[in-house]
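The first chain written gets the first letter, and so on, giving A, B, C and D; residue counts start at 1 in each chain.
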Amino acid sequence: MHIGFLGLGNMGAPMARNLLKAGHALTVFDLSATAVSGLVEAGATAAASPAALAKTDVALIITMLPAAAHVKGVYLGEDGLLANVQPGVLLIDSSTIDPMSAREVAKAAVARGNPMLDAPVSGGTGGAAAGTLTFMVGGEAADFDHAQPILAAMGKNIVHCGGAGNGQVAKVANNMLLGISMIGVAEAMALGVALGMDASVLAGVINTSSGRCWSSDSYNPFPEVMDNVPAARGYSGGFGTDLMLKDLGLATEAAKQARQPVLLGATAQQLYQSFSQQGHGGLDFSAIIKLYRQEG
Amino acid sequence: MHIGFLGLGNMGAPMARNLLKAGHALTVFDLSATAVSGLVEAGATAAASPAALAKTDVALIITMLPAAAHVKGVYLGEDGLLANVQPGVLLIDSSTIDPMSAREVAKAAVARGNPMLDAPVSGGTGGAAAGTLTFMVGGEAADFDHAQPILAAMGKNIVHCGGAGNGQVAKVANNMLLGISMIGVAEAMALGVALGMDASVLAGVINTSSGRCWSSDSYNPFPEVMDNVPAARGYSGGFGTDLMLKDLGLATEAAKQARQPVLLGATAQQLYQSFSQQGHGGLDFSAIIKLYRQEG
Amino acid sequence: MHIGFLGLGNMGAPMARNLLKAGHALTVFDLSATAVSGLVEAGATAAASPAALAKTDVALIITMLPAAAHVKGVYLGEDGLLANVQPGVLLIDSSTIDPMSAREVAKAAVARGNPMLDAPVSGGTGGAAAGTLTFMVGGEAADFDHAQPILAAMGKNIVHCGGAGNGQVAKVANNMLLGISMIGVAEAMALGVALGMDASVLAGVINTSSGRCWSSDSYNPFPEVMDNVPAARGYSGGFGTDLMLKDLGLATEAAKQARQPVLLGATAQQLYQSFSQQGHGGLDFSAIIKLYRQEG
Amino acid sequence: MHIGFLGLGNMGAPMARNLLKAGHALTVFDLSATAVSGLVEAGATAAASPAALAKTDVALIITMLPAAAHVKGVYLGEDGLLANVQPGVLLIDSSTIDPMSAREVAKAAVARGNPMLDAPVSGGTGGAAAGTLTFMVGGEAADFDHAQPILAAMGKNIVHCGGAGNGQVAKVANNMLLGISMIGVAEAMALGVALGMDASVLAGVINTSSGRCWSSDSYNPFPEVMDNVPAARGYSGGFGTDLMLKDLGLATEAAKQARQPVLLGATAQQLYQSFSQQGHGGLDFSAIIKLYRQEG
């Protein structure tokens, strides 16, 4: 299939490469010439602008952009996708943005005659490279069925979350819970160790009890409890504190619009903000445990 | 083996019955004559006081009491266990109390020549009746090995957590994390549904993603997401809000003594306190989701 | 002086009336014909649109609008003020909006040759009617001096807060502190009374001690401690919970943009959100004490 | 009058000196011989023990001790005050302890035939030396009247707060509010300055608006806003972070016993705990603003 791909950053570039590997023809665009040439060397064709890309005979366009403002610009701008794309082309936005913006863009797309899915991912740059991302997808079931085999070239877990915007809802809800759980694990581990327990023994108890969670059993923040997690390598790599902060910002903003309280979610946001202000925004988010330990 | 058992409440009585079923001889004490007569009918012998119980030829004594004040009274009082028990008798306190009190009593026991273990449980009255409790045990390894087969008659997961008091540390750390996670799940589920997602679909996404935790995949607080959990039956049964509140009180008190911050733990404690003040202290702790939903 | 006034709502209408009373000529605009006719009866002239108003020979224009989106629309839109006003006309926006939006509009105004001030108010509808508002003003000192006598017809405390946007900064900072203080007073009063103190005696102690604050000595939330405050009349009138919620939303949004943590500010926002969700958004914000009292 | 005084620490010693200056005869006790000899040089008589002091012909005894455990020991111990004092001697405890402990001791005193007042102070070591303390007094009105002229030798503001324990209630409620307000001011000042305002201008706006509070207008935490406050001298002197932490510990403990939620109070406690863990427990509590500023 001929696919258009806009946004070749840390996530978009390896995703696009996996589409090429799966045998798809790709036309790509990015503001960075370096990013574009990397994909061209791998077999993609370059487009000069979003409008130019939209005017090719692509059957499907995927976008992977940093924030809602970019998504609105690329889709709704005068020289944007909707003003130039053929009716019927399926549009998939994999950016992580707020659900309201996702629904606004999807509504405009449908009004133009283009089905649209929001399909944010989890799994990080590692998952993007390995093709093991999770896609949380919002939109019509028929469009989901259409997109599923394409997305499967980039991820291994493709979940239909309901109507337009619900992919974003699932992502912000999950990641808000993740941000809370990680701080909860950090507090519990730091408290238990301060009270005299061995960290690995405590993690073992928690992981077989009711405190069990992904942040504890698969990504424990305490140093030397697990191998192959950021805590084992000085909190490098992984999912950066400032990215978690962005997602918690989306969650609390969506909560504000829905007039829904999120007390722990908002407190978690402030704690990551405080940690980032201390200069640690580039560390993996599990480094938040440093807020709770003197040697931190 | 001849075992002494003090404290025949909602937890202690079924635990004692399981010891009888396993073939042990039991001498029991409780302030409630009704509680005592229930066990006597099942084959136990009644003692007139803790001191009287201590003076029998029991090889091991288990206590299951409501709070630290009771534990200190029963062990350290003038007519208490330590003043009357034979040296060498193994003492096991299964009450949930603060680690510092547990260590204070254990130190006094050892000074008197009695090995002691703290062995708080999780699993609730259901687990006590079924003999499937988890025991988190603090004390010497040799004493743990000695106690293990006895505890196995009452539970299925017997974990050695390190030295004296560490059973209590493991319990407060785990339960603090549990209290935080449950509110995190409540906020995430309520937010996602307010933003338009189906609750079961959202739970499905979370349970296969990084927000996964026991409160979500085994005890989901949202009505109609799971069967056989308190949320499916109006939040009756289960682990009461006021019991969670007690455990969070122990956790924040232990944190205060250790000069360790627990920001989300303390906030969680206040939220359960607020919910209890509204008259819901008797509901299962997963009912905390009512704080986040208008119909609550 | 000939003054233009846009936005004749609960605040704008009495403010405009005070300008008329002070002898100024007024040309007004509002989407509500009723609002306009009220002012016309009082002596103002109606304009058919913001553009029409801008094209008159007004020497100064004041706007009083609900939110940033309206302000951006009225100033920056194709048929808006900046596209139609004479260069040199002083623009004053008294809406409460986020500082970044205020600075964006001011920058556009200055680029068009129009000096601009942001001048949000405090004092509520009562202060608007009585002409006793406080104006927190951001912009150039010379423009402030120019505006000062005009604003003095509507308020009694006109404070220059520094450059463009700083009026909004002062307002969000002050109101965030107010929102926190009020909850602090609510918690302290409810705690003291629960512990057995008389509410008025406790308020008396606090008001002469280090806990003293406006929320305690001038606006005490506990029933029957003060006369002439919302707590004395069932929390009617005053400054609504949903308005406080709006201001806390601006504060936390501004903090997010400035990458500045506001832990208590964010927690306060969530508590007012929770109270509003329970159906109390229309009550004065001091009614938040109901979250802390069983009879609430 | 012949007065007994126990507890000659940083607060007790200058208070005792002021009683001597006012012409009273003093018999004193402290575990520190140095502390005792300092008072003896100033004219006091030393007692060898609390029991010995109680057996003199003192008409009134004042105690100033670090925590509830000491107060209970000194009053209720076998060699303590109640076991040895003449009936009718008025007992005044100026220690800051939890209200429940204060009531327990007062009840025991009254049962022995001794009227008792709890009379914690505010004003710090400076106020103790200058004789300008505030006394918050709980107990019978007649006993308060009796004590008032004595206390007036050590303080300038003597407030009757109601029955036994209410002096402690007033103190914990006021200081909890103080701890919250100070963080509120810190957040508001740090936010406003991060958004571009001058700190002194912002403080000026707040101090004449609804955010006004003692922490802002009399003890502003931002450097260079006020003279003669800890913020002007590197946060030395004043009221230490660890003392605020102690008082917040009493407040949240009292709230727990009263089953009363204190969300901001508990969050404030955790923030001071976090700041103390970072090594700043000896700084004045207004230094908490360092948690909010990068250069902090």
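As a working rule, a residue touches a chain if its C-beta (ideal position, glycine included) is under 8 Å from a C-beta of that chain, and two chains touch if they have at least 3 such contacts.
Heads up on the chains, UniProt names are A, B, C, D = 3-hydroxyisobutyrate dehydrogenase.
Owing to the predicted nature of the structure, the values given are computational and were not obtained by experimental measurement.
A.B. asks: Give me the chains shared as neighbours by chain B and chain C.
C.D. replies: A, D
A.B. asks: Of the other chains, whose C-alpha centre is the longest way from the centre of chain D?
C.D. replies: Computed centres place A farthest from chain D.
A.B. asks: Have a look at A-B versus A-C and report the one with more C-beta pairs in contact.
C.D. replies: Between the chain pairs A-C and A-B, A-B carries more contacts.
A.B. asks: Quick check: how many Å separate the C-alpha centres of chain A and chain D?
C.D. replies: Computed value for the inter-centroid distance: 52 Å.
A.B. asks: Please tell me the distance, in whole Å, between the geometric centres of chain A and chain C computed from their C-alpha atoms.
C.D. replies: Taking the mean C-alpha position of each chain, the two centres sit 38 Å apart.
A.B. asks: Need the CA-centroid distance for the pair chain A / chain B, whole Å please.
C.D. replies: Averaging C-alpha atoms per chain gives centres 39 Å apart.
A.B. asks: By the touch rule stated above, which residues of chain D touch at least two different other chains?
C.D. replies: Residues 255, 259-263, 267, 271, 274, 277, 291-292 of chain D each touch two or more of the other chains.
A.B. asks: How are the chains arranged in terms of who touches whom: line, ring, star, complete or other?
C.D. replies: Topology of the interface graph: complete, with all chain pairs in contact.
A.B. asks: Under the stated contact criterion, what part of chain A meets chain D in this complex?
C.D. replies: The contact residues of chain A facing chain D are 267, 274, 277-279, 291-292, 294.
A.B. asks: Contact residues on chain C for chain A in the complex?
C.D. replies: 249, 252-253, 255-256, 259-263, 266-267, 269-271, 273-274, 276-277
A.B. asks: Would you tell me which residues of chain A are touching chain B in their complex?
C.D. replies: Those in contact with chain B are residues 99, 122, 134, 136, 157, 159-163, 165-166, 169-170, 172-178, 180-181, 183-185, 187-192, 194-198, 201-202, 204-206, 208-216, 218-219, 251, 254-255, 258-265, 267-268, 271, 291-292.
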